[in-house]
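Heads up, the thing below is written out as structure tokens.
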């Protein structure tokens, strides 16, 4: 049995960029026994809102008693505070800029702890490596816990628990996930985006090759897809586009 | 010594997509001691044939007594069955849609076991996470083995052991691997693709800068390359193009 | 405590390519207990000079007593020799083509050991997998050390310790790192590239949205960036462009 909790990384760093490796170098030094897993990088860059909804949707896939290190942080170096949140038995560590707030708003229970710890030396631009990674490592090792930090009433920036009627993520197949939770949509609902109205199908294999449809994706979001081709290219879809619900 | 076997991932998921992280989250929960290695993602999307040849070629690099979790599965949610194959001391787990079949046809010995286990809860679109990953974890831990499953006569979909005279993979240098095994080609063979005839060289350093040639690549396939530049861009090469063998 | 040292990978392999997975398959077999971390892939392809400066800058982030497996090796199959370097308590393994030379020139102390070991079977094109990975594993396990190899007077190819006045890396946000160390530049220095003169700011949050500036990045290099947008796209920046220092 591992004595250190697993650490999941969620960021808008590029997979090819030099950031993820440096974060892992810190974790290797500070929590060498912890399993470190890339949950998602290349979350919508500079887009805290879309990223917050994506993180909230993916969080159900993260095992309890894990640490999530979340960095989508265009305001790094500015005034936003670092924060650790205990949400339903998972620790989330990241900037208090709204990124964690959808997950917090949807959690059965959440406690918010501003992070007082500061690194002895830090760059001005890379809190992910210099501040959040060491804190995640301390949480993973159990060297830091709820009893060691002062609790705050809540987050500074809250986006709320409601859905986001936008495209929040396009994957490399060209599937476009929205910030709408599928469970709340009736099967006869149509999604309207870029002037196109899209009907529901349960699964790719249920529609003809090339046809566009929406379905409940693997993290519970309504996603616009096409059988064996790219829905994003067919309909010119991109993160940030508004999605309306029709009949 | 690790008590759990290593698990190698082979898929057409995007490296940047949200799929790989979710598969790893399941493996972290179900086989926390197993080494998990990304053998290849972004295998040709929706292209089971090219992917099957790529997997067969790469399999020689996977240590014996490992598990390979293979997912190129455009028909997910349809009728194809999940299958575990014991091929020359390695377990392959994936859809019975042809993906494993080239490796099976080329193995000295292979036994095919349809997977009867079903997850208590599953999405309709992500068997990689919900079904194949837990099965791979059980195999890695030794909780599941050949004695626990009913053996089938063979795979439903078989592409056979023969080479595929197509470009099956283009890497980021612009090298274009074919489905032709280099060992079977004489050195004076020329590869003809897109109207261009290409001669052999042993290695990059043997041709002038910028010159296009073919050679036996590191997994035994004939690959079209250029010294210090992109052969794919020079010759407009893409996965799926037919390759003829000339003199 | 792990008994095998961590191994950091630095290469110009594509993150999506089939190379990294094969290197890790070898490490899994030869050093199964070692932590393997992708420090950086997609270093400037075919560009040993830019890669050497990037490696030197990133090396400070690698914990002491680690192994760095570095492969940017357009001359593979030619005459350059493989080499292991002990630089300030870190082992670097790679081709003696200049890649390691900037790090070596800047180290307080460095010892150079040509690698005499050769694999029983090797491809002609993939020393990263066949030669450097096994050697890195031996170093990680302590089966190979300074006492086991003959020391050379120095590297064959040396780029020296001086800065490189070029763009050496563009990340996915569109930030363009130069080979100039920021510490040596006064804050009133301007960087001139592509006919544009760029002033300094301490951090992203200090400039208006969309404005281009340079700053000292997280690995100590002067980097051209823009607040919440892509500096590379705004100024048409690419690896290899010359950068002049103005006032």
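A few comments on the model shown:
Note that the chains take the letters A, B and C in the order they are written out, and that residue 1 is the start of every chain.
What we mean here is this: a residue touches a chain if its C-beta (ideal position, glycine included) is under 8 Å from a C-beta of that chain, and two chains touch if they have at least 3 such contacts.
Only a predicted model underlies this, so the values are computations on that prediction, with no experimental measurement involved.
By the residue-number overlap criterion, the interface of chain A with chain C counts as different, with under half of its numbers used by both chains. Between chain A and chain B the CA-based rotation angle works out to 120°, given as a multiple of 5. Here the CA centre of chain A is 30 Å from the CA centre of chain C. Shared interface positions of chain A, i.e. residues touching 2 or more other chains, are given as 14-15, 42. Within the complex formed with chain C, the residues of chain B that make contact are 1-2, 6, 8, 14-15, 35, 37-42, 54, 58, 61-63, 169, 171-173, 202-206, 215-219, 227-229.
Taken in their complex, chain B has these residues touching chain A: 13-22, 24-26, 28-29, 32-33, 42, 45-46, 74-79, 123-126, 129-130.
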